[in-house]
């Protein structure tokens, strides 16, 4: 289906072994909601040009395969790099405070145009090449994401105050794949920019998702940030608290880690941080015994 | 609810008379699909500034009231003036051939950014101030509008080749109000710009809508284009053919008139051309015996 | 539809204003049960002859319109004047104790023949001229109204001991309009005469109706019984208690007021006393912001 | 349950034999509609006074037992003797033309008062002593029986032009037992008197009943009207035609015979003429191999 | 249907009386589950040869008639004599400890072959001659009967540890008649022999059956075991405790009595011990006021 | 899960490739019925002792995995070797005519005891170790397999005259796995022995199965019976006709081949002949692009 490996030369015993391992997960995850945060960073490690397309196609294939075996995936996305790029073309600087983009009215226009008018329909189109299943949404649709202001200094930046998941649930109930751009609206209908990691966690909570998966450009959480061999495969919520407190989890990983913790503690079964650059990372996580990346559960432990 | 008139001083006899006239239409239109084309031109007659907001609020109120009494409205919109305005800001000229915008890759980017990232969410937000009912869609969502190229010279301009109305029907079945931006996708997933009048007709056909309403900035079709008193209240399809052939219907009205004819001849019950500048034009059309504007039906005649 | 007013000469702004006001009530009252007590007195103010027919036709039109927009009306009726008239023809006197008719076996025969054999089928036929929706019932049908004796001196006069609302609910579920004559049966199947005001309240309670409306020949409850300008538009239950205790509410209004209080305190949303002589009184009460007559709610206040 | 026989002294073998014979009929008649015409004549052979009550109680018991085993009985009744009696009390003569009562406005009032205000509620009450299952109806309810005039000379006497069986079907669907008084309405809502035998046949046809049973005061159709031993147990439609043509079937039996023929030829499975004076005649007919009285089927023959 | 008695010569009054008595039981037992234990002993009193066939045919007829009137019968059976007979043919002795068959591996093979390969399909076939309704099951099917070992000395003899009644309920829901052979499986899937009386009680409990009926070769429980006239028609659970404690209930009746008590105390409505040699014993028990045999209920008393 | 291969050392790329290939088959076969003929011969190639258990466990695992991903498997089995073995123990010879076992009454007893009392419950128990899903059936249950006699000389040997698949369909609808022993009954309820290959085809036809799979002890159909490298992976029905006519398909393979042809020509999608000795043969056939063994379809060709 995609170029990432063929089964030529794979023996019957190996095939049977992979199948015997994978099939029980079909039943386990049937009808379950899996929220996947797909970010610009997931693509960052890919080579320029066609490679991006390959990564997007592999991701789209995984989403369609997940759906085809009865899983209910929801895609949540931001688009930081692409917003920066439009602002640059318009001759405007990007300014950040504590990692959040300062968003005045014109910046907000750019955010909306990029996320709703470019990234979202591109993701939808990539998935729909394989069948008419993806439906793009923003936080304004059915007032999916209602915001409250974060800080006057930041302008139109909002926190998620409420998730109206009705429209998501109806689409999932009909086997559509919602693709959500993280622009919300406040009570008065005013648009606000929302951090996509936080929004993904809030959506997963509202849907009581079985899994929340962050596709990033690192292979997971490391015990020693500089040692690739120190990947931590499973963590309890308390252990992750400790890693954040001790500074082992840093910078861009912090909002993801915090969102994982909050989601896990509010009813989401499992949260994952995976390397989105690995072809078919989603399938490997979901359908193999060891999975990949780092999994956080309430109690931790090796049970997947 | 909106500033357009109050009932102070309206006597009981008058109120009762309006109600006795209006209530049977509730039953008649219950659960029926009504497709409303809302265009930039509908707003053109409004005074600048806050007046635009008033017109949008009155339109949004009508849509919500229609839905509240069991009608299933679908809003279809373009955004010509707003596209032109963004292109101007980007220093690019708008070029038209036979009324269709020549659309190269950069123009297409602007079209998508304006329709999906600005006009659509603004309409959705205006409706959703009154409750979380509107859901924005583009032609890429669920491959709602599949296009075929019109003419290589026009670039990414498409005709509607196929309407996949599943996502519309599921949303309508759950009492959501779909708001559709007329950007489609071809078989390969490539976006294309579509004429909004044509798209509205195609959507109405696919849904076998009971009514298709074009909100414009004229009061309907005139027997004598220069004589406001010559408004034609009802037309048969054949009569409208005649008015087009004889040149009575001209310029911007032609695509609307042609789309009306095609829809009527493919199962849509009634098509209307109304003056969107009249406050609550939709309610007056639907809930009064005479209606307003011009109505086209297969057989014509005064029966509404 | 009926002679009570036309919309000729009513301007678009006025029509729109009445509609904008009325339409939200359609949604609010959809599927709600409204019990309407229709009494001989409601017709008492009408001119003799054809005028009676007009009042009945206007009432029937309102019931059919209410049903057509999704309301579930139930009509409850007595027929005091008509019973008196048959007894007179048979040369028998009517005798009352505390406003209740002394009912021996022969009087009971007359009551049954008038209510079940004359008033009830006349009401049913008046409604059914507009469609086959009304179904006449007595308290014997499905043992709808089970009675206990009031006082041996009164003979076959009963209080409502139990309401078996099954048959009403099944008919309402199929969108029929039940028309109930207030003759009940005791445990042994013996028929009893029941006060119609009381029976209407008991039916409303059993159905947990949203509204209980008494159509009478006064415009509502007055602060000063002699001053028509002293109509009280809204009352809390406690305020109505006070008006009864202080003697402001008197004579024929007392059983209605007491039934209103009991119904409100047992789960009925609102109780109304209206002037049934006003054409389309029911529509004006239900579909306008101010309503007409006197409304009683648990907490009172202007909110309708 | 009723005095008509006990099982004391009936041996186990006999009981078992009756049960083995009867039980298969439970399945056969489950959910089937059985229309029973119950007339004043059915009671005519009973002794005066309490005996009438016994016959009514036995009839009511059979109806309730039929319903309890899943049959859907519908009772249709007239009330000739009782009408004559009221008219006599009012000092008015009964006049008949060809067996049909000449019905002016005052006679019609008397018919309605007797059938709807006396006979119908008495039947309903007799059945409902055993549970709240019977619901009285007239031909006005849901416009169940729509009439056309028979002959100007006869006044308000109507033939059945149309049966709107909706209300019957909904009540049957909820396991109620409809009891229908044969007063109909014409298109304008004007009441008309209908022959009860004819009405029963029309109702059976409209419901595509499995059985139509006339309870009379003779034991069935006799080959020789004067010879009680010449009872004909089964007849084909053609054979019954012959008996009518040859004058074997005479006078009061003719309308029943004609209605049987019409019903059988329009989809009713079996029509029966039974002696209603036999205690539990309905049970004996339905649950024994030989049945009682005369059965008419399309093809005739001994198969029951 | 079977040779056990005809209705020839049974008068109408008697037939009516039996029907009036029997019909209310149809409604009472409709959709209720009745578990019938059918044992080798039930046949023991029958004459050899064809007589056995008669008894089986009468039993099969009763089961089909019960089902035809809406009862949901479940048949549970053992097959002691037949097992003994096969073992004898194979030259192996039967050995019992406390009434339980010592069951080594070879004996278990014989038990399975007899119960599953002979008795069960014979019962199924006897019932299915009248229609394809019976379905044979063993305790292995859907792990219906999960066992725990009774005593190492007894070998593969198990107690019922758990009943998975899913498969029974699904078959009953589709109006099939399950016929259960009492061979169970332990957690590891190893087959075990189960006492059929005990298994019937456990099945009745799991299904919350309305009745549990043991068909035996005695007419019920006697106050004086040697006096046939001392049959006890009804017993409370406490009274039966007393009869067991005092030794009135002895030997083969003890497991039945204990199973009755346990079932009654765990939600089964009534337990019965009947003489299966009486033709149509099941019908006489279920459809007559006095029933036959001994009935045990929680509170005892004559109410059936 | 079973010892047949592990995924240790299988790289992520390989795993992903197997998954990407396998997952689409999940959707394709979801809710589809797959009939698997499991014969004594399938086990014949396995090593004696524990190896038999391994093959049975692998087969049971495959059935449970198929079911867990939404496939509806039906197992059909015979048991020739086991029957022979019991007959030998009983000192009786097996006699065959044209490959069919001559079956007198005693042989039939042995057939029933072995198939229903030994092979069937063993298969059921092997599957149910993994969950209570398998339910054993014989052709007598619900008269699943109705037979007609083949030849008087053969005794109680029957052909399938009719399949009553109700009980199968109800069990499949509840996600049970029916396991069918091929003993049928004739119209009179007399048991008959049926060839298991033929019965499997008849069951597949009756269920309009998507696949019919014969598990055998050869790897499929060979172009040259003596050359293992001449396996034919796909055949059209006509090609298989040719191979039978030309004698390439011989002896024991003929009844399977003929049953395949008949099933394919009566609505079964695909028929397969596989080597049941390969661990997880069923999974490899269903979830890999090439499949294994020989597939017969109406049109043939490589498309699987």
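Labels for the chains are A, B, C, D, E and F, by order of writing; each one numbers its residues from 1.
Everything that follows uses one rule, which is that contacts are C-beta pairs under 8 Å (C-beta built on N, C-alpha and C of every residue); 3 or more make two chains touch, one makes a residue touch a chain.
This structure is a prediction, so every number in the text was calculated from the model and none was measured.
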{"item": "Touching chain C and also chain E, the following chains", "value": "D"}
{"item": "Chains touching both chain D and chain F, listed by label", "value": "E"}
{"item": "Interface residue identity across copies chain B, chain C - same or different by half", "value": "same"}
{"item": "Centroid spacing, where centroids are CA-atom means, of chain A and chain C in whole angstrom", "value": "61"}
{"item": "Centroid spacing, where centroids are CA-atom means, of chain A and chain F in whole angstrom", "value": "45"}
{"item": "Sequence positions of chain C contacting 2 or more other chains", "value": "none"}
{"item": "Chain contact graph, described as a line, ring, star, complete graph or other shape", "value": "ring"}
{"item": "Contacting residues of chain B [partner chain C, same complex]", "value": "1-2, 4-7, 10, 12-24, 26-27, 30, 61, 65, 68-70, 278-280, 283-284, 287-289, 292"}
{"item": "Complex contact set, residues of chain D against chain C", "value": "109, 112-118, 120-121, 124-126, 128-129, 132-138, 140-144, 164, 166-167, 170-171, 174, 176, 183, 185, 188-191"}
